[in-house]
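Listed next: structures, encoded as structure tokens.
Below, chain A partners chain B and then partners chain C, in two separate complexes.
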Partner chain A sequence: MSESATPPDEAAALEWRDVTVTYGARVRADADTARTVAVADLSLRVERGGTVGIAGESGCGKSTLVSTVLRLLPRSADVAGQVLLDGEDVGAMTWGRLRAVRWAEASIVFQGAMHALNPVRTVRHQVAEALELHLAKAYPTDAARSARVDELLALVDLPAAKAASYPHELSGGQKQRVMIAMALVCDPDVIIADEPTTALDVVVQAQVLEVLAGLVRERGLTLVMISHDLAVLAAVCERIVVMREGRIVEEGPSRRVLDAPEHPHTRELAAAFPVIGDPASRRPARAAGEPVLPTGDDAALLEVRDLVVDFRARGTTIRAVDHVSLACAPGEIVALVGQSGSGKTTLARAVLGLQQPTSGEVAYAGKPLPRRRAALTAYRRAVQFVLQDPSASLNPKHTVYDAVAEGLRIHKVADEEARVRQALTQAELTPPEAFFGAIPSELSGGQRQRVVIAGALALEPTFLVADEPVASLDASVRGEILDLLLRLNRELGLGALVITHDLGLAWNIADRVVVMHQGRIVENGTCEQVLLDPQHDYTKSLLAVVPSALEVRA
Partner chain B sequence: MSAATWQRRRAGLRESAGEFASYRSGLVGAVLLVLVVLLALAAPPLVPRESLAVTQVTADRNEVPSLAHLLGTDSSGRDVLGMLLWGARASLLVGFAATAMSMVIGTVVGMAAGHFTGLTQGALMRVIDFFLVVPSLVLAIVLSTVLASGLWTIVIAIGVTSWASTARVVRAQTLTIESRAYIERSRALGAGDAHILGRHVLPAVMPLVLANTTLAVGAAIIAESTLAFLGLGDPTTYSWGSMLKRALDTGAATAGFWWQVLPPGIAIVLVVLCFTLVGRALESVLNPVLRSHR
Partner chain C sequence: MTIASNDAVTVAADDTPRGASLRRYVAVKAGGALISLAMVVVLGFFAFRVLPGDPVRTMTQGRQVTPEQLEGLRRQLGLDDPLLVQFWNYLRDLATGDLGQSYVYKNSSVAELIADRLLPTLLLTGTAAAISVVLGLWLGQRTAWRRGSWFDKVHTGLALTFWSVPTFWLGLLLLLVFGGGLGWFPTTGMTTAGAGYTGVEHVLDVAHHLVLPVITMVAVVYAQYLMVMRASVLEEMHSDYLTTARAKGLRDDLVRTRHAVPNALLPTVTLIFLTVGGLVGGAVTVESVFSWPGLGYLTYQALSEPDLPLLQGTFVVFSAIVILMNFVADLVYRVLDPRLRSA
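Right, the complex of A and B next:
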């Protein structure tokens, strides 16, 4: 909270005083006339050179809060209270002053670097654009601007040669670093990073966090960072603020918040990102010691034999899956982990028969899958798919009933309604009738994922392939969905191949962990074996960069 | 289909109708169009067909507009207003029928070209390209000379030559829909081509096709007039295009008999304008992106 004793001449770099932000009815689809309160009477002070992390679930108002700093909110938003940037009230600034302040004094690194860069301009052009707009006097010539761009890229550990590339030629982490370089163009005092690492995998995330932490250390920047992951914040920030429903529920030094959270909501957030090796966060479907159904090649329900998938792109062949063999026993939960680009999604698509393998085969119950799509019908009833983003994997125009019944209609199954009712009940959407007429946009993220799962359950499958089933969900919902998967596993004997880049998720639920790297399986063993006693170097390096393992900033 | 679905669709329809009514130009166009359609339907009782037969006319040739003949008479002594009403029937019929034909072909081919890959797609795309680059008037002229002359020949000639641009638009929309995750989910559930096209793609491209339709009707009416004016229409039916042709053939246009030239010309412009206004408004209602740029 703000310290009222501070003399006015020693203004904080950034301060919110009793800020309340409400949105007009227009942002909500269901013509609710009441204004939605996004931030409620919040005060927060960030000292010069301070680093503050703001944590919270989506919808808790954290993005709205930081958007007030540069007045980036839509017109339907109404801001009350004061936002002081270096002692100056942002709300009282003229447009000309605001334009000068944006970027020069405070700049924002947006989430989703993939979409924030212009795809048809080179990196150099885009970084130089900000120089041209704000610092035309200091860097009057193209050569001077170019030199400055190289300097900025060096700050974020990118070679100057990368300046000539277009965004699509860069990896996600490189793009995010370009975004950070752009934020540094005018040497701002305050940098606001809105979920800078959310779309990145663990290895790249660690690199980006390292760059941010280094900049703060060396240049004395003031940093406000938003994330839903406490461990990520702790790796860069001194202080963590936890928000819920527009209010601060907990605030304190990073280590204290992470190690001894006081508010139940903070504990909930912390629990969603399990510490690998912590028995409390491991919740396997079976009690320890209870044998998993017999494993071994002859007992395998789903088997991948020496599978190769090649993609041809502009004359070159890319081998996405390289001679992979894998067997999943009935009722077993297997986690397939690896970085993005490791070929795990391609492997999953091949397992589902959505991707034709170049060589090798997938076998179900001992029989190889037919190559013709029409002959796959029986297989597709038995093995179901749960996709990463539940809002994208439901047709926005179809009702919940239609979405769940889709598989039943495709397979011409009788007593459709009873089955839909049962599937929704199994997915814990009760009473099922209440959800029949709803369309996806009326549901929360967790409910949507339950609908997707119900759609899979309607066909009474024996195996589930889930591609990052909780990656786009909030901390509390994440736990619920995982519990649901485990309960289905226990009660229906439903096995699952869970694809994820999140080792914590694997630790949460998996019986067995398979590590994939550059199209090959480098390690395969029980969860404890692989995660606690990794043999392969790649697994070790993955485990080293898991946020909870990163060093907490003192 | 459950009751809730229908209820929501009805509510959606009501909302769209209200939205449409807020576009004044679209509303004016719609009202005028309804008026023209009603007049065209009422043509037989208002102006009996026999009264337009050359052997039955009592009026003089090229009469100036008067109370007896509000728009005067043509070179055979026939009532221009009566011919205009009968012409509306032909023009609207050809406009609607040709558009329907072109939309059906365009939607089916466009969806197929977007959905299928490899050889099928390549072949379909080349067919679309062919119809896109061939001058449609020339093709229509060739078709209407090859086929027996008549109103339906004109319909076919226009329908077959004007679907290519619709197909391209539909294909683009199909491609964006097919890249969505719910299509992947559907495939994993075991859906075949028919299911994906019918349940997911078609409902998504329909609004686009509908908005395109109203714009295409205007173009089809112009094409009909052009073909009739060039003498490729059915000589036994009255249409606005054939009225213009007759006015030219009998020298009315050069003799200063303006009432034989202006009414059909203005009628064409008016109806096409109405369809364009309605089409624009409909497009804005159905496409929220355009709505915000109003």
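Right, the complex of A and C next:
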């Protein structure tokens, strides 16, 4: 510490003073954009025992900002300004001092515990490792360290037996709990949680947040939490800071930021996670002259009748889909919601003819789905599929033109170029010619998903099956893609089965909501019926854990 | 909460008894190895029947023989039988461990010849393999961790240069300089002829003879271990769990040895065993250059005849070693990677 202006007892637990982080240009060829600014002249003070949430889209610099606390940025990053941890300048620490501070004074719950845990080490080994490094005197023996690991696992509601597990033997929620236990092992003052619940489904997310919030409250920890979801932050933090392009655009008490956002960007973030029941985030009502929803099952375009899908693995049979019946009318948007493992994706695969049902059948336009390959081809032309992650579902070496034209070639459709042009225009990639030669890595996430949608549209389908179509997209892009889906629905009469774990998405666009739980459909009704007046206990419990409905700390 | 059962389901599915799963795994892999071996036995017979050259002519080269004598020799060797009968005899003999009689070494059976030569080959290739694996892996992870440093550049450059050098050329060069020129090391064989050393002296004598062939082999092969380990560590370099390890306050070299290396070893191990098996076959050149009394040298001699039973024998033995190594690789991989243990 050289010039500490504030006396030590007044030092904040964590403080950023005029911090600017730039990334080096070694990876980039063009010298003009020599350095990318990730964090721009940012100051933020987190008081002892304070809980602050940092919100923003991917690329806004929020992860870079918290990485400065333990100096974990790659060598190409250049940090200017001061980061003070308990009044001590992190940037001025020697390597030895820094290593002593890491994890002992501040620890991190990393994003995606899936990758943040070493796959070939047991949980016990990984949690105890930090004890061995920092608290060797307090826990001198393996037995003492093991006892401490058990104690921490109990704290995050995991049985002690899990200590002997390897990460792949745990579920996503359990891994995230192990991450939290690991972060607490040395009793640090500051905990940084980087998207601790992204990639978890709502129910598990609620459980993990509960554990985290409880621990922070009981132990008076200082918490800095990052998320793109304002409601998640509001559930745990007193204060929310909204970042955009490396700067803070809004800051205030959680309740206020959530209920009355001032900056347009905050409003955009808030809109991406709609409050169920709020008419403003509901799809516009159908105007006169638009396709009218037929009623009655006989008019169904796509029908699933008493479908059962079993998976056999080593003698045991797992029933993924259990006597499900479902009907989608022409032009109707149906949201199929459920937790991961509820069988919703298996159902969708069966609908597409990708999964042979054990019994029951899928019927399209009144006719049962053919089993022969040639006949299936015709069916697949009418029913198209949009996958979750466009970066994974597009071949990275194929140009946009090839990606869109592939379906046309398979189905031997004439007039290829005109159809590709039309599909790209419908997917709002204009002018279409500008995108013909592009490869996926040159496009943004939203543009990629549009290419996937264009690929589906090129065949002029009458029905679309979309598996989590916006889950991998940022808040602002999410809205655009949903608008696109609604417009296609309105103008082309395109019906859709949208599979999602996100009840907010269902509220955004669906005509009808079908709730699936352990392979069965437990509730089926109009969007308003199911989401505003749920009948089944499972639907109620799902709605109860949606962050926007969680009780917000005042 | 009624719906929290999801976690329990995933875990229950994993709880198959480990012992049963292990037995099953070993049985499947061993079965695969045996099938491969059976294919080798069949292939070994027919492949060498396609070779050009008439063994009977070679055997009688430089001597006056009548067509009747040639015919008699053919009958004696069983070469006049139909191919399928010959194959049946070969299989029947093989079942009793009889690999046949060498055409060239008239007084020894193939099995005896191979038994005599196996140990020297295993000594040479085993030593060379151990040294090149240790050297390659160690250099590989160091060069990856300091990617772009002078250490990296020098070592990858050097390794690739040796890798590109023809084995026999390097062997001859070493032989000329350190054997012939400087006279530091013996030039042929495994022991000093006629010295009759015993005990420690014998061991030292063999070790002395071993130096040049081992250096030749190591120099030519260690690059592949270095490059694979380097690539494998580089792949792990940006893994999130390494950031976790750093954030915990681990020293840089502990992050490497405790977290990066165990993960990087996984893809490397398979390759190591694959190539170590292959090294035994690769010994042909080195053994020929240094007149090392091993299987490789024997194969080289058998090829020039062609001594069919001997070739079949060495072919089966070389292949068996490769298959065995692959089997071991599967077992070791399972020990190293906990994710495979439940599979």
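Going forward, the second predicted complex is superposed on the first by the 525 of 554 C-alpha atoms of A that agree within 3 Å, B and C clash if a C-alpha of one lies under 4 Å from a C-alpha of the other, contacts with A are read in each partner's own complex, and residues count from 1 in each chain.
The rule is simple: contacts are C-beta pairs under 8 Å (C-beta built on N, C-alpha and C of every residue); 3 or more make two chains touch, one makes a residue touch a chain.
The model shown is predicted, which means the values in this text are computed figures rather than measured ones.
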- Query: chain B versus chain C on the shared chain A, clash or fit?
  - Reply: clash
- Classify the contacts of A:L459 with the two partner chains as first (chain B alone), second (chain C alone), both, or neither. first
- Message: One more residue to check, A:A116. First (chain B), second (chain C), both or neither?
- Response: second
- Message: In the overlaid three-chain picture, which partner chain does A:S340 touch, first (chain B) or second (chain C), both, or neither?
- Response: second
- Item | When both partners are placed on the shared chain, which of chain B and chain C touches more of chain A | C
- Touching A:R371 in the superposition: chain B (first), chain C (second), both, neither? neither
- Message: I'd like to know which partner A:R267 touches here: chain B for first, chain C for second, both or neither.
- Response: neither
- Which residues of chain A touch chain B in the complex? 352, 354, 373-374, 376-377, 380-381, 384-385, 387-389, 392-395, 397-399, 401-402, 406-407, 409-411, 436-437, 439, 452, 455-456, 459, 465
- Which of the residues in chain B come into contact with chain A in the complex? 2, 4-5, 7-8, 180-182, 184-192, 195, 199-200, 203-204
- Task: Spell out the part of chain A that touches chain C in their complex, as residue ranges.
- Result: 70, 72, 98-104, 107-108, 110-112, 115-122, 129-130, 133-134, 166, 168-171, 173-174, 182, 203-204, 207, 313-314, 316, 318, 339-341, 517, 537-538, 541-542
- Across the complex, what residues on chain C touch chain A? 1-4, 6-7, 9-11, 13-14, 16, 239-241, 243-251, 258-259, 262-263, 266, 336-339, 342
